[in-house]
Structures are given as structure tokens and as C-alpha cells.
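I've put the structures underneath this note.
Here chain A shows up in two complexes: once beside chain B, once beside chain C.
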Partner chain A sequence: MERQGSPNKLLEIIINTVIYLFLASWTIIVVFPMLWVIVTSFKTDKEIFLSPWQLPAQLMWDNFVRALTKANIGLYLVNSLTVILPSIFFTLLFSAMAGYVLARYEFPGNRIIFYAFMGGMLFPVMLALVPLFFLLQSMKIIDTHFGLILVYIAYSLPFTVFFLTGFFKTIPSDLIEAAIIDGANNYQLFFLIVIPLAQNGLVSMGIFNFLGMWNQYILPLVLLTSSDKYVLSQGLAFLQHQQRYQSDWSGLFAAIVIVMLPTLIVYVIFQNQIQRGLTVGALKG
Partner chain B sequence: MASVTFDHVSKRFGDVIAVNDLNLQIADKEFLVLVGPSGCGKTTALRCLAGLEEISDGRILIGDQVVNDVAPKDRDIAMVFQSYALYPHMSVYDNMAFGLKLRKVPKDEIKRRVGEAAKMLGIESLLDRKPRQLSGGQRQRVAVGRAIVREPKVFLFDEPLSNLDAKLRVETRTNISKLHQQLATTFIYVTHDQVEAMTMATRIAVINKGILQQIDTPQNLYDRPDNLFVAGFMGSPAMNFLKAKLDKADGKLYVDGGSFRVEVPADRNSVYAGYVGKQIILGVRPEDIYDPHYCPPGIFKQPVEGKVEVTELMGNEIFLYITTGEHNLVARVDPRTGARMGDRTQVAFNMNNMHLFDPDTERAIR
Partner chain C sequence: MYKHKYRVIIPFLAPAVILYLVFVIYPYARSMYNSLTSWKGVSANQPFVGLYNYVRMINDEFFWNALIHNLQYLLFLPIIIISLSLFLAFMISQRIRFSKFFRVTFFFPQVISIISIGVLWSYVYHPTIGILTSLLQAAHLEWFFQIFGFEGIPVWVGDERTVRIAIGAVVVWQAAGFYMVLFLAAMEAIPQTFYEAAIIDGANRWHQFWNITIPLLWDTMQTALVFSGLGAFDMFAITRVMVVSGSSQTRPADVLATYLYEQAFEASRFGYATAIAVSLFLLMLTLSALTMRVTRREAVEY
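Here is the complex of A and B:
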């Protein structure tokens, strides 16, 4: 019996080894550049060029101070938050309202509206850049945070509505009916019962949209032209351009870490939530 | 005054008629149970009363008020759901207080009502907990408590015991009956379990395929079922139905089932006279079939022979599954019986409690 089992066991070991080797390689490919950037952000300019692969002799926290002040990363950080926080809030609010109605109410056009939202997910950002520019210009909100917020909301709505519609379908009808009998009107039902029940889905979508908006580059590049209004991704690109003349490479690396770290931390802390929230909504949709 | 009236109420879902011309009068303070198999329309009828479904035809009245177009929250009803429907993000206190807060009841009054209901149900120590921290029985009591604090005219229960284990179900049945006495309010209770119906109701309404079959007190329903469905639904094990022919000989009536022939008590002759020579269905409850050695005195007993296929020992009685010719029947006999599996045996039908049904109309012949 052992002899019969051996070839199968050996094959299993070989296959597992190949799989794990592949996964380990992929992990290194993905993680190594990030780690190198973080380590490099603590070096002096001289160390960056003379010993690029070694650890810094001492931790240069001054790099981060320069990035925040002289390189205006602090300003760009505030601008990013000014744009992203309201965008997420209103995306979630409008998506929750739309998703709830699409999930729980039968009316003519329900499916058409839902598919229209889904169609929005297929629309590439690049195609809309030029028309968006002229549209915002005609509305006199070009080069404003308000204009960018509106565009972020518009681009985030399709997927968020799609996800939350599936999520709202998982809410038991009994709970809603109990609230109706208790005396809740539609608004009370939505804000006091449905929204708290959809917390997991809303948090998942909030995190998902935060990650997307934080890293968004092409939209602010086109729609924000004044440097004092730049968001972080723009500011970083601007900084990278400046370094060709100022040679503050250590400051640049520190700026990259400042931009990268929030999304990294958010994902590490909430990864279970994100994966759980995404799959629950997807399965029930 | 909290009577409830269903006046020619129908509910259609597309081509499916879930409730078909339901006429029901429920008196103030009555405990009415709607019972029937799954999918018979009893829950739909309850939901129509609650206002969760719009009726297709007819009227529903609570007291003297027609409530067809009245929103659920304005019907002065409270409902206990099968799944309890407790708000998972709220504490027990907040669950019970939610309806009162929406109605802008003063805080002191809310506290008083919740406190009293919690005391009545023995859940005072649970008020700060969330539903996920409660057992099934505790959740069920909280759901009832949420209904009680509303002080409604009518309580609606939609199979509230289905999710409880057997022992807890028995205990909770008693508690609900006591609650009805304490609150002295109209209870309308939906269940598929005829034991719950028999033990709790002042009257039972039996529904099948959206149509009301019979409404009466539990004992009357059990003793005098109007049709085959009611006769077979009430009682466990179910009533035995034996296809036979009604014969007359020597001035006496006989039910001839081929493999058995039993005499009808003389006092029934005039009632059944019109069916002489016709096919009928004889209905005999298992508890009306005896081991002849252990018959109670004074009954009009008639012997029937057959073979015991299966015996089930219940402790206080034995179920005998007997075949006689083409007929199968169940008898609940004294545990001292000598009948064993495989034996040819003789049992005695108590013909005082016999039922005859018309095979075409399925109605009881009276």
C-alpha cells in the first residue's frame, strides 16, 4: 500500500513546491520595491547613490520633515483629504440610496437603471477626459476641488451601486417589515435600520473607494491646474519633476513613503473586511 | 373593541390565488389560530391583516374601521415574526423601545412599558444585550416583548415557535396562553402545527389552498370535522380513511370495506339513509380502534381482522399499523396488548365515534 501511495505523494510534493516557489517569487517581486523605497527614504542623498542596496547608517527623519514642508507634501495631503473625504461620503450616501431602492423595490425601469449603472463601470476614464475638462470649464468649476469631487463621485457610483445592490438584497425582509409595523417611515427605515445593517458593506466600499481615489492621478492631472490645489499623486509627480533640478532624492523618497503609507496601512488593517465585504455582495448579487 | 373581520378577502399573486374569498369574524379578546399545511395561505392572510400585503378583493376591518388603505403603523397591531426580526444593531431595550420612540412616546413612559413587559417575560437582565448574545428562546421573548409594549388592539403571531426545540416549544406554548389571559387582547396566531392550534386556541380556522375549510372550537373541530381535509389534518396519528360501501340488511346499516364489515349504530340510520348502496369513506380515529381485551365498557364495538405490519411502542400506548385486505390503518391500543409484528389480530372499532364522508364532495355526511 505504501508503494502504491508514494508516486502520488511525491507528485503532490513537487506540485506544492512549484506553487510555493511561484508565490514566493511573486511576493518578492511585489514587496521588494516597496521595502526598498521605505529603506531608501531614511538615507542621505549620498547613501542613495553610493550604497543603494544597504541599510542606512542612521535614520534621516529630516527627509520627511523636508518632504512635508519644503516639498509641500503637507499641503497636498490636506488637499487630498479635502477632495476624498466628501467624495467618499456622498458616494456612499447616494449609492446606498440607489442600491437600496434597486434591491428592494419592484418598479418599471428597475433593471434598466441597474444595467445603466453597470454600464458605467465599463466606461474608461481616458475617453472622458477631454469632454470632462470642457464640461467643468463650462460649469466654471474647472480647477476647483468641488469639480473634482463631483467627478470622483460620478466615477465611483457605478461599482458602489452595483456592490451595494447585491448587499442590500441580503438584508432579511422580516427586519424591514418589523420596522414598518413599528411605525418607521421610509426615511427612518433607511437611516435607522437599513444603513446600520449595511455597515459592513459600506465600510468595505468606503475603503475600496478610498484606495482608488487616493491613488487617482489622471483625473486631478487634467482637472486641477493650480499647484496650490494639487492632490498628493499630482504633487508627487510634480516633486519628481523638480528633483531633476534640485537633486533632493532623499526628500522625494520620503514623499513617496508619505503617499504610500496610508493606503498600505488601511489595506493591512482592513484586508479581511474588504475581502469579506466584496465576496458577500458579489455572491448575493 | 378589537374584533377583526375578513369580508370576502382574496389575495392573488399573478395567476396564483393565495387567499380565496376568506370570510372570518374574530371576536374581541379571542385567541384565533389559523392552521393549515405550508403554502395554504394562512401567513398571507395574516400579512394582509398586518398591511404588509395589499388585498386583491374584499375588506378587512379592525373593530368597525375598514383598514384596506390604512398603513401598517396606523392599524394598531403588533406582530411577532417567525424569525423574531430583532434589530441586530440595537440592544434588547432599544429593540423593545424602537416603536415607541418613533411614536414620540415620552422617555419615562417608554421606560415604564419596557420595564413592565420585561418583567412579565422574565427578560429584565437581558435589556443591555444585543440579539446575537441571546438564545433562541430569549430572542423569542424579546420579540413578544416588543409587541407587548406597543399595547396594540391585535397581536399577530406568524409561526413564532417554529425555530425552537421541542421542549422549549412546549414551555413557550404555555407562556403564550398565559400571556393571552393576562393581556386580554385579540390574538391571531398562524401555525402549521395542529398541536399548537389545539392547545392554545379558543377557535381554530383550518385553511387549505387558500380556502377556509372550517372554523370552530378545538374540540368541535376534532369531534365533528366538516370534511376529509379537516378530519385528516387534526389529530396525530391522522384519522384512518377506509373506502367502503354502505349496505342495508335486516333493517341495519353496514359499512362494507371488502375485508371488513362493520355495523352502524342505529341512531345514525336516518342520517345515512340516503347513501345506502353508495360508495362512502369511513373515518375512524386511531384512538377509537381498540384491542378487544382492553375496550372501555359501553361502546358500540365492531370487530375487524387484519395483520400487524409494524408496532411502535410509545410507553403509555402502542401504535399498531394493520393491513386488512386493501386497507391500511393505524390503531392506538393499550400497551398490554399481545399483538406483535406479523400477527394476525382482531381489533375493535368504536362505531359511536365513526365518521362518514361523501367521496365526491369530501364532505362529512350528517
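Here is the complex of A and C:
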């Protein structure tokens, strides 16, 4: 931008400096606690109590080994993926199927089903917890990963169906009509034509639901009761509470890092898609 | 055009509809009924007690205690989060260097699970091993806290006067990046010509911000207000992980969600807990409706 007078230029410089100072401060506030945890996770217990600012004398990789094995973070990680991956897959599949039909077919009840799904977004999960617990108990799937998967899928449906229905409405009809003329049956049409066309929407919803499930705490807390079935967030909270009885501070810091880093790294690689995937809920919600 | 359409419609809808009915609709409907019973979970019979649970709730000081904490969060968090994130977004949008870097970095807390964040911060606040206390000590800020009646540097989570400030600060830290990205996306949709015209008219950046950016962002701000307001009514995970439940008789960190969880799954008062949950839901619904109503304006088309 060109400026004529020098007072303007000076003002411009001052404003820019203030902006950079402010942005830099927030960067430090955001990043510093994370860096501190990462550095601390390499210290010994003794060093942790000595001073929070001291760098570790040597890198204690053993902290990570203990966190993964003795503190079961490795097991919790496997449990998390065992629950989340099938949940995402079936959420996307079922929502795409439902969304496609709701977007493309006229039939009595179409609107009712669509609004029934939307209504689900109004309710807080807290309200369903108690009946959900007893429902799973009577179905004999309480404290199983299978039960949690069904619940995760069910609670991811409202928004995913809502989003994908909108998405399928934007797919041009002539592509679909051309496929019908070519003799594709309904299933070929859906899996070979429609799904590939909806790729972007599915990726957004995959990311959105993945982070939602990764973040989920209350559902596993209520529905998984044996500690060998815990998912990551639950396991970490459990460790945190256990910490009061058995002190392995360095192991706990290592556990935080193990839980924190994978999503952070994936985010740095796919930042654009992830920012879009996560904010999509608020942008057209 | 579509032959035998019900052969597609039914099997395509069935899995989603069935799962949704069984695991979402049924529990919600059931909750409404459970809140009218004094169910303890063990026996099959659920004695119907009408509105007794609600009367009990109104007379329960711990219910009010939790509700007041939610309202305090509601009063402060949305306004702080939104002004901070709006400010960050506006600065980043000023065609500055490293804008990409800031944008990516500020979003970091969003991709870490809330439980990790809670554990992480409970150590940042830790009076002996944490960085915050030692940082404030190094800056000799004891006098500042003494003004407010503290003996020295507060112990944050361990002190009932500061625990909600400590938790609230973590929520701001976590949420600011999210709303910033939301606002940035909305700002990028504003045509540059608006700003160019304003510059010709001699508007400085401050004027541009108030007279162009803010009015055109109104819809997004409304969404942000509703979202962050609903967040202030949740606070379950962060409170649960940062504060040991039942650690203090006065329950300084309780919110409705943690209180009802305790009532249900630790005290087995399922009927009563559900009544609290129903009230929580009604409060959230009222809040969203009110926010939409109060902030309604003529949409600015562009």
C-alpha cells in the first residue's frame, strides 16, 4: 500500500508493530504450555520437582516406554482406533445412503425424516446418558467396544446426514441421468457415481467426526467400565486421577505428549482440510 | 425416471433410521419420562413421583450452586472468546507477513483432545511443578494478588476463589483459534472493493473494522455466540479432568453437567439426575432461541 505523507507512514509502522507484538504474544501463550509439556516429558521425576524451567540433563525415553506399557497408553490408543475407525466408516456409509435418498427421491415422509435427524442436533448428550446406559445394559452390549461404536455412529448421524443431504442436492442431475441411460442399476449408480462425486463432503465429514470422537469423553466414561477397554481420553483422565496415589510424574507427562502429538502432526500436514472440516459445523450449521 | 424406487429408499434409509431411533430418539424420550420417577436403577419398577424431582431440585442448594457457575461462565466466556478471536482474525487479515503461520498455530488447541488440554493445564497451574506460579513469582507479582486478598500467588485450581477463572482461561485458550478461523473465513468472503472504496473515502483500519467488517460478520457472530454460549453450559470434560470431584464441601467447580453425572452414576439417583438434565436442556434451548431473537437484524446482503 502506498502512503503519501510521512506521519501516516509512521503511524502505519506503529500499528504494524502493535499487531505483530499482539500476535506474537498469543503465539507464545498457545505454544509455550505445549512445548513445556514436551520438554518436561523427557525429564526425571527429580528434575521435574527441582525447577519447571530447567532443561533435562538427558532425554529420558524410558518415560515414554513406561507410559505406553505400564500406564497402558498403548492399549488405550489401540482401543481408541478400534472404536473410531469402524465408527467413522459406518457413519459415512449410512449417512451417505440416507442423505442420497433424502436429497434425490420424493416420497411421503421424506421431510419428516430429514427434520427428525435435524432435531437430534438440538439435544445435549447429557440428557440421553442414563437411558442409554440402561439400554446398552439390557442389550448386553454395555462395556463393549461394539456398543460404543453403535452409539458413536448414532450420535454422529444427525449432522452428517444433514450435511450430506445438502451436498447431494448440489450434484448435477445430468451426470446421474447419463449413468441411468448407460444401464447402471441403483447400487452401481450410488457406489460408482455418487460416492466419488461426494468425495469432498465425505472427507470433511470424516475429519469432523474423527476429531469429535477423539475428543469424546462422557460417552466412553459412562459406557465403558472396565479399565482394559478404556479409550485414550478416558485412559488419560484415569491416569491423571491415579496420579494422586502413585507418583510417576514423568510417565504422566510422556502420556500427555503421546496423546497430544499424533493429531497435532496430522493437523500440521493437512491443516487446510482440517480447519475446513472442523469449522464446517458452525459455518452452515 | 427411478423405477422401483422403494427398493432403494427403504434399504438405504433403514440403517441410519434404525440406529437413530434406538440410540438417540428412544433415550431422549425415555429421559423425559424418567425425570418424573424416583428411579434408583436397581429395581425394575420406577415409582412415578410426578414433579417431585423438580421440587427437590429447586430446594437443592448444590443445584443452584452448579447453575450459578454455569451462568458465570455464560456471562464471561462468550464475550471474551468472541472479542479475542475477532481481534486476532482482524489482525491476521491485515495482509501481514506470516499470516499463514499464525492462522495454523492459533488453531493448535482445537486438534488436541479436551482431556489432554485439561491434564496439561492442571500441571501448568500446579503450585510446585507448574510454570505459571514460578513465572509469576519470578515477576514478583505477589503484591498484585494481595490487592485481591490473596496471601501470595493463588494456587489456581486448588483455591475456590480462582478455580473457575483457571478453568475459564483454559476454555478461552482452547476456543479462540476455532472462532478466529470461523471469522477469517467470513472476512475473506467480504469483497475487497468495499475496503478499497472505504480507503478512498479516507477510512482508517479502525473505521473499516467497525463499519465494514463487523456489520458484514453479524451472521457469523450470531453463530459464534450461540456455540460459545452452549459451550458455557457444558464444561463437563474440562471440569471433571481438572478438578477432583468431591474434593471440597463447597463444590466450587461444579457445573450442572458434572453435578448431574455425579447424581446419576455415583449416587444412583437416576430420576433426580434426569430432572437436572431436562432442565439443562431447556436452559440451552431457551438460551439459543433468545440469542437468535435478540441479535436478529436485517441481514446485510452483498
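FYI, the second predicted complex is superposed on the first by the 240 of 285 C-alpha atoms of A that agree within 3 Å, B and C clash if a C-alpha of one lies under 4 Å from a C-alpha of the other, contacts with A are read in each partner's own complex, and residues count from 1 in each chain.
By definition in this document, a residue touches a chain if its C-beta (ideal position, glycine included) is under 8 Å from a C-beta of that chain, and two chains touch if they have at least 3 such contacts.
The structure presented is a predicted model; accordingly, all values stated were derived computationally and were not measured.
Participant: Mind working out whether A:Ala178 is in touch with chain B, chain C, both or neither, as first, second, both or neither?
Facilitator: first
Participant: Where does A:Val268 make contact in the superposed view: on chain B (first), on chain C (second), on both, or on neither?
Facilitator: second
Participant: Per the contact definition in the header, classify A:Ile193: touching chain B only (first), chain C only (second), both, or neither.
Facilitator: After superposing on A, A:Ile193 lies in contact with chain B but is clear of chain C.
Participant: Who touches more of chain A, chain B or chain C?
Facilitator: After superposing on chain A, more of chain A is contacted by C.
Participant: With the two structures laid over each other on chain A, which partner does A:Trp36 touch: chain B (first), chain C (second), both, or neither?
Facilitator: Second partner only, chain C.
Participant: I'd like to know which partner A:Tyr230 touches here: chain B for first, chain C for second, both or neither.
Facilitator: A:Tyr230 sits against neither chain B nor chain C.
Participant: For chain A, which residues lie in the overlap of the chain B contacts and the chain C contacts?
Facilitator: Touching chain B in the first complex and chain C in the second, residues 177, 180 of chain A appear in both lists.
Participant: So in the complex, the part of chain A that touches chain C is made up of which residues?
Facilitator: Checking each residue of chain A against chain C gives 15-16, 19-20, 22-23, 26-27, 29-34, 36-37, 40, 48-49, 51-53, 90, 94-95, 97-98, 100-102, 105, 107, 113, 116-117, 120, 122-124, 126-135, 150-151, 153-155, 157-158, 161, 177, 180, 186, 190, 211, 214-215, 217-218, 222, 232-234, 236-237, 240-241, 244, 249, 252-253, 256, 259-260, 263-264, 266-268, 271, 274-275, 278-279, 282-283, 285.
Participant: Which stretch or stretches of chain B touch chain A in the complex?
Facilitator: Residues 50-52, 72-73, 77-79, 81-83, 85, 87-89, 98-99, 102-103, 146, 150 of chain B touch chain A in their complex.
Participant: What part of chain A is in contact with chain B in the complex they form?
Facilitator: On the chain A side, the touching residues are 172, 174-175, 177-184, 188, 193, 196-197, 199.
Participant: Which stretch or stretches of chain C touch chain A in the complex?
Facilitator: Residues 1-2, 5-9, 12-13, 15-17, 19-20, 22-28, 30-31, 34, 41, 87-88, 91-92, 94, 96, 98, 102-116, 118-124, 128-131, 134, 173, 176-178, 181-182, 185, 205, 220, 223-224, 227, 230, 233-234, 236-237, 240-241, 244, 257, 260-261, 264-265, 270, 273-274, 277-278, 280-281, 284-285.
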